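Across the two complexes that follow, chain A remains constant while its partner is chain B and subsequently chain C.
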Partner chain A sequence: MSFLHIENINKAFGSDSIVKNLQLTLENNRTLSILGKSGCGKTTMLKIIAGLIKPDSGTIRLNNKTITEQPAAKRNIVYLYQEDLLFPHLTVFENIAFGLRIQKKSKDEIQDQVESMINSLELSGHKHKMPQQLSGGQRQRVSFGRAIITNPSLLLLDEPFGSLDSMTRQNMQSLFKSLAQQFHITSLFVTHDLKEALLMGDEIAYMDAGYLKVYKEKSDFMKDKSTGVLAEVEFWNGIASDLSSNFISS
Partner chain B sequence: MVKVKNIALGIYIALIAFPFIYLLILSFSADWRFPELWPQYFGLRNWSRVISGETGLLSSFVLSLVISLSVATSATLTGFFISRYVNYHPKKRLWTLITYFPYVLAPVVFGACLSFYFIKVGLFGNTAGVILSQFIIAFPYALIFFSSYWGEQTREYENLVATLGGNPWTTYTKVLIPMAGPLMMICFFQTFLISWFEYGLTSIIGVGKVETLTIKVFLFIKEANFYYGAMSCCLLILPPALLIYFNKKYVFNKLI
Partner chain C sequence: MRTKYQNIGLLFFAVLGIIPFALSFIYALLYSLGLVGVANSGFTIEHWQEILESGEFIKSFGFSAFMALIAMVFSVGIALWLTLLFHKKIQHKTISFLLYLPLALPGVVSAFFAVQILSKSGYFSRWFYQIGWIKDIQEFPDLINDDFGFGIILTFVSVVMPFFLLLFIGVFKTERIAELESLAASLGSRPNQIIRRITIPLLLHKTWPLIALYYIFLLGAYEIPLILGQESPQMLSVLIVRELKQFDLTKISEGYVVAVIYTVLVTIMTLFLFLRRKSIRIDG
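Up next is the complex of A and B:
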């Protein structure tokens, strides 16, 4: 059986059905990108998997254990929001060490692991700073470090780079790729950015009006008209041909 | 232009500082009769009577401190915890509306309405009754004060701590309370002031037996003892002045 196995998850708030018959499998150390418009049910789906919202029906199995009824604190699944949510009263070091302190790791262990994480995040020299003294990208790195250091079975990322400028976003995308490899992360990466979805995922899925469609191959995703890839390609081809005709005429 | 600016500043300082300077001078005075410009006696006699306990001001000061610290501590803590449940409740708007009810009536009228129940439970004319009556006014204030803290972002922090493996105790002690620290300080300060200057409820529920400093000020003024009245006013200003200083130094600067 797959590392993450989700079957028939449904969730409605009153008469509004938000997540419909969710089916999903994911192997260990893989990232599944999930593309979808705002309000399509992505966040509710992630919160159900994290244990923050109770589903109406269905089962979630992680690493061969059914976790559907387990509380969030026992699942070993970390949910990362679009905002970094750094604790404003703690330094960078203490923010990253937060999960390890909950796990009651020894002082030396915490010191070693946090120092090494700070180096991996390219944040050496910032460990004593308060969150308010960091840039948006640096804050998001600390947020990643705080989550990854706890060695979660599954990492859920809810549009984590949504509030960053395009340059910082690119840097963070490559940093996440390298961290995912280095720390063997299994993750669901939710985004509404098409390019980001293609770049970040080993596999790709599209969510629309509560339904999730997982594609076997990225090429299937690109060929599907509903994902908007073809329209995007057409748009850029039009721009490219305009540019080249202008260039020839000049 | 500079002259006008200096005059304006002078007037401003005089208007703000004059009442306090006048109160201080009056507290050191005795036998100050019109049209004399300076009192016949000016010295430490009044204040030495405070220290000797002769005037009852020292005991009133200590009693007021005990009452206000109890009210501020209990209202801030219960307000902080209970406002979480009120603000996360699906019927939040209804609960918030109910929270404003104690302010529909003036405290004196409210106290008069409640006095029957205070007599029944034996809390009429004693310190515990005064603390409870003031808490009834300060607690809704704390509930309203903390309502802005329990928003979507705070809930996201709680969820984050849960997914990092933290239990509710960790969430409160390591995140929610430290993050709300400056707000709690301000709420403590405000509820302390509500209690410290409270007169109507205290006079009704205390029935003259619980002589707080505010009650004492009015007693001295009724007796036309302006020197003791001024002295008790100086004592009345002291704790709020200290709280303003500490708040400004350690809380407001951090918030800004």
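Up next is the complex of A and C:
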């Protein structure tokens, strides 16, 4: 059986059905990108998997254990919010060390692991700073470090780079790719940015009006009209041909 | 343009806030040293010696500090507890309106309410008598003008606690504590760990300057300890006013000594509070 196996998850708030018949499998150390417009049910789906919202029906299995009824604290799944939600009363060091302190690791172990994580995140020199003294990109890195250091079985990323400028976003994308490789992370990466979805995922899925469709191959995703890839390609082809004809005529 | 407005603002602050305060302080200091005042005849430290040796000021300061501390601990503690339990319900319009009500009551009115409720001839005493818990008015315990300042503390708490409850509810919302709690749960924290490591430290971290300022405010409270306190020890403001209003004109200088010491202590506390805040912002 796959590392993450989700079957028939449904969730409605009142008469609004938000997640419909969710089926999903994911192997260990893989990242599944999930593309979807705002309000399509992505966040609710992630919160259900994290244990922060109870589903109406269905089962979630992680590493051969059914976790559907388990509280969030026991799932070893970390959900990363859209914004870099750092604990504002703790320094960078303490934010990253938070999960380890909860796990009651020894002082030396915490010191070593956090120092090494701070270096991996290229945040040396910032460890004593408070969150409000950091830039958006630095805050997001701390947020990653705090999640990854606990060695979660599954990392759920909810549009983590949505609030960053394009340059910082690119840097963060490559940083996440390298961290995912270095720490063998299994993750669901939700985004509404097509390019980001293609870049970040080993596999790809599209969510629309509560339904999730997982594609076997990235090429299948690209060929599917509903994902918007073809329209995007057409748009950029048009721009490219305009540019080249202007270039030739000038 | 902005600098010009800032300068005008600073000028107003100096004229209305700092200069009158500074002049009053200098006058009080000169009075306490015998340099001004009808009954004074020149420089002397006699009034200072009198106050420092009598021990009344120390007793009064200790009593005020203790009353303010106990009232703050209870007010902040109860407000935190209610915030943790009912933060969603308290955001309801009617409940938050009810919480604003005590804030609109002047201290003197709250103190009179306390007299009506807690005194030997008050409502509680009468109810207890009616249901047979006490047989005589003297059996009802001293809850006002008592040795332990019970009436003062209770009235302070009834005035201060709603303020902190509203403050904590506001911080709970603006600091997105509910989301931080979910995040902490997702990082493996159990409910009691979330309260200990996230909710309470965060609420206190965001509000401690106000907690400290309220402590200073209670330290100098006047109407409530005047009505509900005992003859001795008295809280500082009551002691100062008593000294200033004495028939013996030499006692006025002693009142100014107490006022000067109190002002210096409060100013040091306030400066310490804000300089520490500034250094936290700079150093992280």
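Just so it is clear, the second predicted complex is superposed on the first by the 250 of 250 C-alpha atoms of A that agree within 3 Å, B and C clash if a C-alpha of one lies under 4 Å from a C-alpha of the other, contacts with A are read in each partner's own complex, and residues count from 1 in each chain.
Assume a contact is a pair of C-beta atoms (placed from the backbone, for glycine too) under 8 Å apart; a residue touches a chain by one contact, two chains touch by 3 or more.
Bear in mind the structure is a predicted one, so any value in this text is a computation, not a measurement.
Undergrad: In the superposed model built on chain A, check whether chain B and chain C fit or clash.
TA: Clash - chain B and chain C, as placed by superposing on chain A, overlap.
Undergrad: Check whether A:67 is in contact with chain B, with chain C, with both or with neither, and answer first, second, both or neither.
TA: It touches nothing on chain B or chain C.
Undergrad: First (chain B), second (chain C), both or neither: which does A:76 touch?
TA: In the superposition, A:76 contacts both chain B and chain C.
Undergrad: Once chain A of both complexes is superposed, is A:157 in touch with chain B (first), chain C (second), both, or neither?
TA: So A:157 meets neither chain B nor chain C here.
Undergrad: In the overlay, answer first, second, both or neither for which of chain B and chain C A:91 touches.
TA: The answer is second: A:91 touches chain C but not chain B.
Undergrad: In the superposed arrangement, does A:130 touch chain B (first), chain C (second), both or neither?
TA: second
Undergrad: Under the stated touch criterion, which partner chain does A:200 make contact with: chain B (first), chain C (second), both, or neither?
TA: A:200 sits against neither chain B nor chain C.
Undergrad: Using the superposition on chain A as set up above, list the residues of chain A that contact both chain B and chain C.
TA: Chain A residues touching both partners: 50-52, 71-74, 76-79, 81, 85, 87-89, 98-99, 101-103, 146-147, 150.
Undergrad: Report the residues of chain A in contact with chain C in the complex, numbered from low to high.
TA: 50-52, 71-74, 76-79, 81, 85, 87-89, 91, 98-99, 101-103, 128-130, 133, 146-147, 150
Undergrad: Which of the residues in chain C come into contact with chain A in the complex?
TA: That would be residues 175-176, 179-180, 182-190, 193, 197-198, 201-202, 205-206, 283-284 of chain C.
Undergrad: Show me the residue ranges of chain A that touch chain B in the complex, using the header's touch definition.
TA: Within the complex, chain A touches chain B at residues 47, 50-52, 71-79, 81, 83, 85, 87-89, 98-99, 101-103, 146-147, 150.
Undergrad: Per the contact definition, I'd like the list of chain B residues that touch chain A in the complex.
TA: 153, 156-157, 159-160, 162-167, 170, 174-175, 178-179, 181
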